[in-house]
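Chain IDs A, B, C and D follow the sequence of writing; residue 1 opens each chain.
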Amino acid sequence: MTDSYITSIGTADATSISLLGRDLAADLMGQVSFGELAFWLVALRRPARGELRVFEAVLVALADHGFTPSAIAARLTLTGAPESVQGAMAAGLLGGGSRFLGVTEDCGRFLAAALAAHHGPPPADDAGFDAIADRAVRGQRAAGLLVPGLGHPLHKGGDPRTPVLLRIAKDAGTRGPHLRLFEAVGRVHPAILGRTLPLNGAGVCGAALADLGFEPDTLRGFALLARAAGLLGHLAEEMRRPAAPGIYAEADRAVRYAPPN
Amino acid sequence: MTDSYITSIGTADATSISLLGRDLAADLMGQVSFGELAFWLVALRRPARGELRVFEAVLVALADHGFTPSAIAARLTLTGAPESVQGAMAAGLLGGGSRFLGVTEDCGRFLAAALAAHHGPPPADDAGFDAIADRAVRGQRAAGLLVPGLGHPLHKGGDPRTPVLLRIAKDAGTRGPHLRLFEAVGRVHPAILGRTLPLNGAGVCGAALADLGFEPDTLRGFALLARAAGLLGHLAEEMRRPAAPGIYAEADRAVRYAPPN
Amino acid sequence: MTDSYITSIGTADATSISLLGRDLAADLMGQVSFGELAFWLVALRRPARGELRVFEAVLVALADHGFTPSAIAARLTLTGAPESVQGAMAAGLLGGGSRFLGVTEDCGRFLAAALAAHHGPPPADDAGFDAIADRAVRGQRAAGLLVPGLGHPLHKGGDPRTPVLLRIAKDAGTRGPHLRLFEAVGRVHPAILGRTLPLNGAGVCGAALADLGFEPDTLRGFALLARAAGLLGHLAEEMRRPAAPGIYAEADRAVRYAPPN
Amino acid sequence: MTDSYITSIGTADATSISLLGRDLAADLMGQVSFGELAFWLVALRRPARGELRVFEAVLVALADHGFTPSAIAARLTLTGAPESVQGAMAAGLLGGGSRFLGVTEDCGRFLAAALAAHHGPPPADDAGFDAIADRAVRGQRAAGLLVPGLGHPLHKGGDPRTPVLLRIAKDAGTRGPHLRLFEAVGRVHPAILGRTLPLNGAGVCGAALADLGFEPDTLRGFALLARAAGLLGHLAEEMRRPAAPGIYAEADRAVRYAPPN
């Protein structure tokens, strides 16, 4: 009567634990890095050596951004519920929505859609990618939308992560159509938008993950995983040297009360 | 007037991003694995090669346990809010409390407390560790408490992860007093409790992390980070082949309504 | 240097607590119901007696829907972290996204947009509302979208909450253009869609809240507040008589493992 | 094969919805307040009129406390994920752990334990309650623990909510042994602790709920429900007039970077 559900992730019996079709204890522990396992869990295939190098670089690039709203929310939550580290982590991740962590996903989706709208095989040269980028950027502009992956509030002259990830992907042999199109966006947008914006780190990570074969729907998840490590760092620091009570006191001090009417 | 908060994690200016005192783009991306960064973010020091090997093995060991309550909760949450992957991840992590993911932390804390209660330097031989373990296990028993890290609902004859992690730690040179005491618990408990229980995987991971120098308060966080990767796998699988609607339908079918009075 | 933030909700000094411009202890406790306070907190005005009656009926209507994915997720989360009721509540609320609790918001937004697209004052009679409904339903259809508030998986012949809330709103004098347009959707859609669907409870609640003056952006929040009470009931029941372990065991029993390749 | 789960909350069929053994549409909507339903969902019995008055006063008393860490965390989360109101609500509730919302539960638990330790029926007069309070306060002191419900960072001379809730409960006829013991704690503690502390609002709410028959395990849940309404107010205000970007900017401005070594 009960439908059965099929999983390819893990199972266990009295004497063994299987994960992804391998024996966890014999074949995975000590044999694969945590990053490799994360790739494998989502892709359901083991990454090649070059793919893993790019993937780990993406996770490293996205792990932390300093005192972001999400890091502050996690620290404040720990103040109220110090017994529940999982609650503080969850609160921090919940800020990873459309506005912050969403860029990685949005950029991957934007590039994938532009490539899908291009009939025929991916172009062979930069000029071909420039043509696709031109159409896509004009399309966003006509729709009154921003171009995902373009612009940064702080790194206005260039996001330092972008050229490094492009180089790593090129060295690793995983620079594919998404990254090439992303570079083309960088070349063509000034003429269309009338100003030059940096290709940001969240965007290049989305492009690099898409070139590793990940669907746009899974990209935000990797940004969240990376952020989980950053949040751990913030929470461990908060335990040693609390900042949240000061942030709370300062906000409480700065607030002004104006009765509704 | 405003107090300032000190952080050692990250900061950024217009042209560079610093993380842990290094240049993120130049010194970390492509140079360290994601696991290495996670270690560093909490410990505030770079792991040695052997330490990293043990640390990554712990994260791999803890990443997934199949269709656990936490994985099911994450999948059900995605069903209701498919646009919010962060909500589904958060819901899954919130089940990582005292009863499941808590074992890693509880075991590390139990071992650290037993070692702290021992006057003088750590013992030089197994007999010395057995004496500490004997006192600690008897203490738990007298207090009517379980011994953290002992017993498993499924792996009654032995958790396959335990000997593997012990071997990895020994090879890596990080088998210290916590792991040695944990092994001693395995030796002495049958005579005290009147039955032989397995040293479980969550427990050995707590002992191994404690030997890497991590405080008990930080251990649950690593279990959560590992679990975040497992949840990503479950959520990606749920997007491809949903199980949650069936689980919900089955629960709804099985429930019986009995008015309160 | 610090910007100040203005709040109209609450403030306190050594001897008094102000909430919404009133003295909490003297003017609110014992004088207003919890529902009345919730209305006031969002609207920043005290509801009239009839408005409150409709508002409380909406919260009652939306509080529970049995063993939903969100209630099951909350129960499963309590199993893993029984010490953290706030985590279980949060996990349950996180399932209140676009697919379930979103209907209330979506319906309010749909009706508000249709009314805004109508030039001139709201119609004086049913025929006028039918014309607006006709245009709006055809518009959704042409765009390949569902009509929010229309249809129910179980109550195919009519949702029992709908006529009751319509009557309460009429009696209370708060049946305004959103509810009248919602009724018109009920009248006109069969000719357009070729089948007759029920006006569902989540939809009529959205229409009723919109007629009370609430913006669409705030509607999901009320559905979450109502659901919070239902989740409390589920969690109290789970503490007395656990269902989650059985749901988990059944899912674990039904799952089949198929290695990725 | 499948165990069935018994629920007394709700169920539905094609034509009706049952909640707590009543017909939701016919018997509850428009007939009971939201507060009344929340009481009923947990207690599984309908409150008497006086009980409901006290219960609603408790929820009103606990709904908001201004710019608390939990309210700020909810606002910051909305900044990052404005599309996910449920995530912002969840983040706010996650701060409702042991340190803030826990007082209500801790106080109810403390009073219930003190009453349970008293042999024989509850005392008939204040002197009898003073004796129990004396023993209980001395016990906390000897164990190095604070007395739950005693003390307030701001209302040092007296929490304005306390006398009001005591009066409401007395008028309603629900002032029972927990509230009487709480008052006794107020009388006896100065002689034991050497200073006079106020009976705080969170504590008196816990005592009042315990006198309504609620178990300590359910008390934090009511504090969370009350807080959910306050969070809705904060989130609606944040949508109209954002404070979180300023709080974030200020924290980011105040933070100082000190590399780990």
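In the analysis below, a contact is a pair of C-beta atoms (placed from the backbone, for glycine too) under 8 Å apart; a residue touches a chain by one contact, two chains touch by 3 or more.
Nothing here was measured: the structure is a model prediction, and the numbers come from that model.
Chains that count as touching both chain B and chain C, per the definition above, are A, D.
Averaging C-alpha coordinates per chain and comparing to chain D, the farthest chain turns out to be A. Rounded to whole angstrom, the centroid-to-centroid distance between chain B and chain D, based on C-alpha atoms, equals 32 Å.
The centroid of the Cα atoms in chain C and the matching centroid in chain D are 24 Å apart. A straight line joining the Cα centres of chain A and chain D is 38 Å long. Chain contacts: chain D has residues 2-3, 5-8, 10-11, 66-67, 81, 83-84, 86-87, 90-91, 94-97, 101, 243, 246-247, 250-251, 254-255 touching two or more partner chains. Only residues 2, 66-70, 72-73, 76-77, 79-84, 87-88, 90-91, 94-101, 243-244, 246-248, 250-252, 254-255 of chain C touch chain B when the two sit together in their complex. Contact residues on chain A toward chain B in their complex (touch as defined above): 2-3, 5-17, 19, 23-26, 28-30, 32-35, 37-38, 41-42, 53, 56-57, 59-61, 63-67, 84-87, 89-91, 93-97, 101, 154-158, 160-161, 163-165, 168, 217-218, 220-222, 224-226, 228-230, 232-237, 239, 241, 243, 246-247, 249-250. Those residues of chain D that touch chain B in the shared complex are 2-8, 10-11, 18, 20-21, 44-45, 81, 83-84, 86-87, 90, 94, 250-251, 254-261.
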